[in-house]
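Naming follows writing order (A, B, C, D, E and F), and every chain is counted from residue 1.
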Amino acid sequence: MILHVSTWPEIERFLSASKTVIIPIGSNEQHGPTGLLGTDWLCPEIIAHAAEKLAAEQGEPVLIAPTFNIGMAQHHLGFAGTISLRPSTFMAAIEDWVMSLARHGFERIYFLNGHGGNIATIEATFSEIYARYSYRGEVCPFALKLTNWWDLSGIAKMCSVMFPTGHGSHATPSEIAITYAAYPDQVRDVVPDPKIAPNGPIREAADYRARFPDGRIGSDPTLASIEKGQQLIDAAAISLLKDAARFSAEPVPPKAVS
Amino acid sequence: MILHVSTWPEIERFLSASKTVIIPIGSNEQHGPTGLLGTDWLCPEIIAHAAEKLAAEQGEPVLIAPTFNIGMAQHHLGFAGTISLRPSTFMAAIEDWVMSLARHGFERIYFLNGHGGNIATIEATFSEIYARYSYRGEVCPFALKLTNWWDLSGIAKMCSVMFPTGHGSHATPSEIAITYAAYPDQVRDVVPDPKIAPNGPIREAADYRARFPDGRIGSDPTLASIEKGQQLIDAAAISLLKDAARFSAEPVPPKAVS
Amino acid sequence: MILHVSTWPEIERFLSASKTVIIPIGSNEQHGPTGLLGTDWLCPEIIAHAAEKLAAEQGEPVLIAPTFNIGMAQHHLGFAGTISLRPSTFMAAIEDWVMSLARHGFERIYFLNGHGGNIATIEATFSEIYARYSYRGEVCPFALKLTNWWDLSGIAKMCSVMFPTGHGSHATPSEIAITYAAYPDQVRDVVPDPKIAPNGPIREAADYRARFPDGRIGSDPTLASIEKGQQLIDAAAISLLKDAARFSAEPVPPKAVS
Amino acid sequence: MILHVSTWPEIERFLSASKTVIIPIGSNEQHGPTGLLGTDWLCPEIIAHAAEKLAAEQGEPVLIAPTFNIGMAQHHLGFAGTISLRPSTFMAAIEDWVMSLARHGFERIYFLNGHGGNIATIEATFSEIYARYSYRGEVCPFALKLTNWWDLSGIAKMCSVMFPTGHGSHATPSEIAITYAAYPDQVRDVVPDPKIAPNGPIREAADYRARFPDGRIGSDPTLASIEKGQQLIDAAAISLLKDAARFSAEPVPPKAVS
Amino acid sequence: MILHVSTWPEIERFLSASKTVIIPIGSNEQHGPTGLLGTDWLCPEIIAHAAEKLAAEQGEPVLIAPTFNIGMAQHHLGFAGTISLRPSTFMAAIEDWVMSLARHGFERIYFLNGHGGNIATIEATFSEIYARYSYRGEVCPFALKLTNWWDLSGIAKMCSVMFPTGHGSHATPSEIAITYAAYPDQVRDVVPDPKIAPNGPIREAADYRARFPDGRIGSDPTLASIEKGQQLIDAAAISLLKDAARFSAEPVPPKAVS
Amino acid sequence: MILHVSTWPEIERFLSASKTVIIPIGSNEQHGPTGLLGTDWLCPEIIAHAAEKLAAEQGEPVLIAPTFNIGMAQHHLGFAGTISLRPSTFMAAIEDWVMSLARHGFERIYFLNGHGGNIATIEATFSEIYARYSYRGEVCPFALKLTNWWDLSGIAKMCSVMFPTGHGSHATPSEIAITYAAYPDQVRDVVPDPKIAPNGPIREAADYRARFPDGRIGSDPTLASIEKGQQLIDAAAISLLKDAARFSAEPVPPKAVS
């Protein structure tokens, strides 16, 4: 069930069967000379929508929220097309998404993330949200979970087999393959130079551009292909459903309020 | 040119020809028993992407940013599936989008809006952004513009002809028609009761739900059809291109810095 | 009843008869070569105090709060004497005024506004305040209303008769006339050049000063006179009392809390 | 020169002769059974306007900004009619006033304060404003000064002679006398009980109302009279002009930027 | 009892006997050519720990929280080693300390302050915290108190006897003596020039450094000695225990909630 | 060199030899029935001060800032004595520490962290700080680094040898051993039940206390001893010096400003 093409009575009915919602979250930022700017939000969206389709076919619908498409990408601002939130803004926005969904009765809010640079801020936001309850000694009526798509069960292994060298950590062949599989008319044939990009620390945008002239970190995106992308999507969709089901079924201990 | 399926070098090239970017912006909120929750962000996205296609065919490409899909919908929070930002969060996020795009050299940033409840906050944000420069006596290197799709030239008239009664102001047949045209498998056949919804002031969510039990305001969404939606999209896309072109060509007076 | 020359027990007694308070709100900003810097807060103050006097004479007292005299005027900062709040500050301050008055039991809080540049931010603030309740599923115990004095019943028509040309939109003859009527020793005899000021979009302060060299937009303030000002005050005071009475009497639907 | 009944070209001319502006600042809060709610902002306004008149007569005009009429009065919120800003809001608003005035070239910004509860927050705000420059190693182009009217030279002594007992610290006969002198038709004849109010610490509003049932602290406001008020105004006006002149003439050391 | 070398069950037990906690709070900032950068947080820490030891010996334990070591020192940022919070940050942090301790049941939270520049911001923060309750008409379950160590009973007199001239107001011989007594291997033998430092107003860091070239204000720190420091510590520790005991025993009036 | 027992001229001299400063950062929170509340800030302080002593003996002084002793511990607020900052407050405070130190010319700011719950927020803060420069296209004049003491070279291995079972992740025998080594009179002899604590996810404080009744996660703190603590301190001090030296020596690429 895709939230944004549903009506409110349909969501209300869904809530009588399940209290879980999955939010694809990513970033819109440069992905080297051949990667799409939307890569990091397209990947979780593609996987989540594939999972939704699978679940519907299996008669156990899951609910996918709209994609949270702009994240924390300050270090990529030296490259045209990147759009970033400051961490403090990102936190406020995630809070509002969560408090809106919690208002309707969702008790398990699952973020499927597509951008490494988002992780710290999302986790800090979870603490900021829980803290509202912790200072007041109240029970929080929902649980939050963050999973990166590349950490879904089986994916890391599949990537290491597919891309034994040149996977790198930004503009990776795996993420680019996923977008190519979903948008086959967007494949770029440029061969970057050097073929495998350099590595280094991540700081402000000017430093980043000086260290990583075409934007990639450690990757050889020419290894990406539509076929590999489809394999990753298929595997990730299955793992996502399992992971979300585990999260939905996780028991909560009896809590005392002080 | 769709920003999120472009690469950064492509955007850099685009910037040597044009300094204008169009951002579809809306809201994810209840639209009555037959309207999609995404209606208000889908409409400007649909129109902007139609315009982009038209412009590409005409050899005068325009650039469409990712859709800003969550806006200010606090009054709809009594209905499942609504996701809202607080105005203060919304402002911070718009600021970050603008400052990111301005960083790359965009000088005309055009928001195509799909939600009446967004207008005040977007305009307040424009002032907040301009104020950064005004307090320092600096020239702002970009101009901001907000247009609601229903205010595009010719659209209001077309709506009044299509829907002489029962247009209303929320979950209107015009916006629902646009989504039906773009998502023909999402047409809902429910007939709401009463056929034309009541009117009244907009306050907090509890008050809203008490006044507007199924979420609609003044509208009869059964008047929507795929055909009417397509007509609206076609007309709006043409008007959007003209309006954006006017904005791009608008001369800026010589400014003194104090 | 003027709040700031009342005592707290007097306000407590007023509250047993009425739950409505009227707040004049405006801005302190340049009004061209002949308009007073205080014009936009003096106008609503003058009208509200005239209405208060009228109501007292009629034995149906209304309560006028102190004037909120600094608003959102970032675009006027290129002209000496302008004092502006950033929209975000303006929002926080309006929230605190409202939460203070609501604390005492006021249920209808009516802002009589004198500055077009305030509208978006005030409306965004209303949403910010209502949102406190909407996210929690609570009923908001008060209603907020914004009326610009020039939108009071009968005023626009009176202005178009008085000033068929040269009314414009900033430093207008109508607002200047009102201040001249209230402060007859402050009439300025300067004739601006050109007599009718130019029009254009409003952006940051440097852009504003470049477009509107003496500060006016589209207006010929030499049309203002003490007599016209008094007519406007008299008419607006009557309309304000009617509008506030309607607001006070407006029924609230039974609300469910979720 | 009263800023809000001046035009911007007049302020621009004033700036060629003086860089100093005086801002009356206070609070709108309960002042016991006989004191006006506006007492704390009316007092500095009355004194500043008296000083302005005197200065104009002496041919050495001073400039008085609009009155900052709502301050930090959270502890008085248990009494009807009190309007308070949170300290954080108060800080943001003072910052915006200062940055607006500094934008026009004012170099000495003098706050004449009428409310003890404002002092800490105003001083914290001065540090917040200076800190903008201190972190960047920049020279701040203006100096800020806070003076309470009761600390103006000669006033404390005059009060101790006029009110040897029963002056107290809130709803004092001196401040009430000043408002009675300026608003002689607003004298209240109520005799509070007990005649001299209790003393104690100041905390939240519920605690305050429990300790100080009618709002006063340590004062006997029946000692106030129009005559005493006028004496205080006359003396304070003279002292204010001297204090502001000293501040205007204070030399600034040569500053190095790092 | 020193909180940070206690376990949580020990603090829980302490709370069954006492609801009071003492927080040493200061600043880390230049203290002239001979004073330690930590002077302003070391002094209250030294005194509080001495008091704790004394109380333990007397069988009436008091609880000392960790030291809040960074305060509001923007004006000292022109001197290496100074670390400052902006007032707004300082306020947020104090709020969080207080709300954490209040969460555990502490009802009397006593700040022993070592830095004059902190006073305004700490007091503003107390108001910000109380305001949370005052706007809602709630009773605040705790009381806050700020005492500067030099205002403890008997200390000012002792200082005036020890240092009849050259005490000054920053990098004073009294505070330096206290640190020397606690850190006898950190005595500096430099003789500053001039021996007694100049006086003047405090503004931004650039202005401060121009007025006070070596950082001191009005002081002659060569008057400090280990012996005098020890005397001050001993006296202050005794006074602190008395002052905290009075605060703990202070009755709270019955409060009505509105 | 310990910053807080140094004078500002000494720090100025240090800066002519080195631009690196090390900040111990941790948290004050429950550490089970036998761990000290200060454990997480004491550990990095103990290690950093041991390293400082070693470096001084080797004639290559390093500079240690005061300890940042309160961090992000919202989940521990159900246990008495825990003091936590909200993530948003923590971020603001870290920003101010960094901007203060950067103001003096420090170019490498190294945080030695003692609390796992701090990591996400510290990293998010680094991005917030870098973003100031990235949006403006400016070069950031300093680099930031976060290292947890347990990630220092050799420590994890030493822990796994010392504590093959029962190390766990909160109130671990390694961190408790370090505090016991430094504060030998603070060893607690309580044997917790069960000996090895349970594991689980970390959410709000009420949930935490329900899952982890005595506060520990997965650990058996009875394995801690003074001897093991000393070994860990010695090894960590050496590794810290190496890691900080590497960071100080790290070359920065030539950066272009856009």
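One rule holds in what follows: a contact is a pair of C-beta atoms (placed from the backbone, for glycine too) under 8 Å apart; a residue touches a chain by one contact, two chains touch by 3 or more.
If you want to know which protein each chain is, UniProt gives these names: A, B, C, D, E, F = Amidase.
Please read all numbers here as calculations on a predicted model, not as lab measurements.
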| item | value |
| --- | --- |
| Common touching chains of subunit D and subunit A | B, C, E, F |
| Steps in the shortest chain-to-chain touch route ending at subunit E and beginning at subunit A | 1 |
| Of C-E and C-D, whichever chain pair has more C-beta contact pairs | C-D |
| For subunit E paired with subunit F, centre-to-centre distance based on mean C-alpha positions, whole Å | 25 |
| Centroid spacing, where centroids are CA-atom means, of subunit B and subunit C in whole angstrom | 29 |
| Chain centre separation in whole Å, for subunit F relative to subunit C (CA means) | 54 |
| Where subunit D touches two or more other chains, by residue | 77, 84, 86, 88, 100, 103, 134-135, 137 |
| Pairwise touch network: line, ring, star, complete, or other | other |
| Subunit A contact footprint on subunit B (complex, rising order) | 3-12, 15, 28, 30-38, 41-42, 65-70, 77, 79-86, 88-89, 92-93, 95-97, 100-101, 103-105, 183, 186, 188, 215 |
| Subunit F-facing residues of subunit A, complex | 72, 74-75, 77-78, 84, 86-88, 91, 117, 119-121, 123-125, 127-128, 130-131, 133-135, 137-140, 143-144, 201, 203-207, 209-211, 250, 252-258 |
| Complex contact set, residues of subunit E against subunit A | 99-100, 103 |
| Footprint of subunit C on subunit E - complex, ascending | 134-137 |
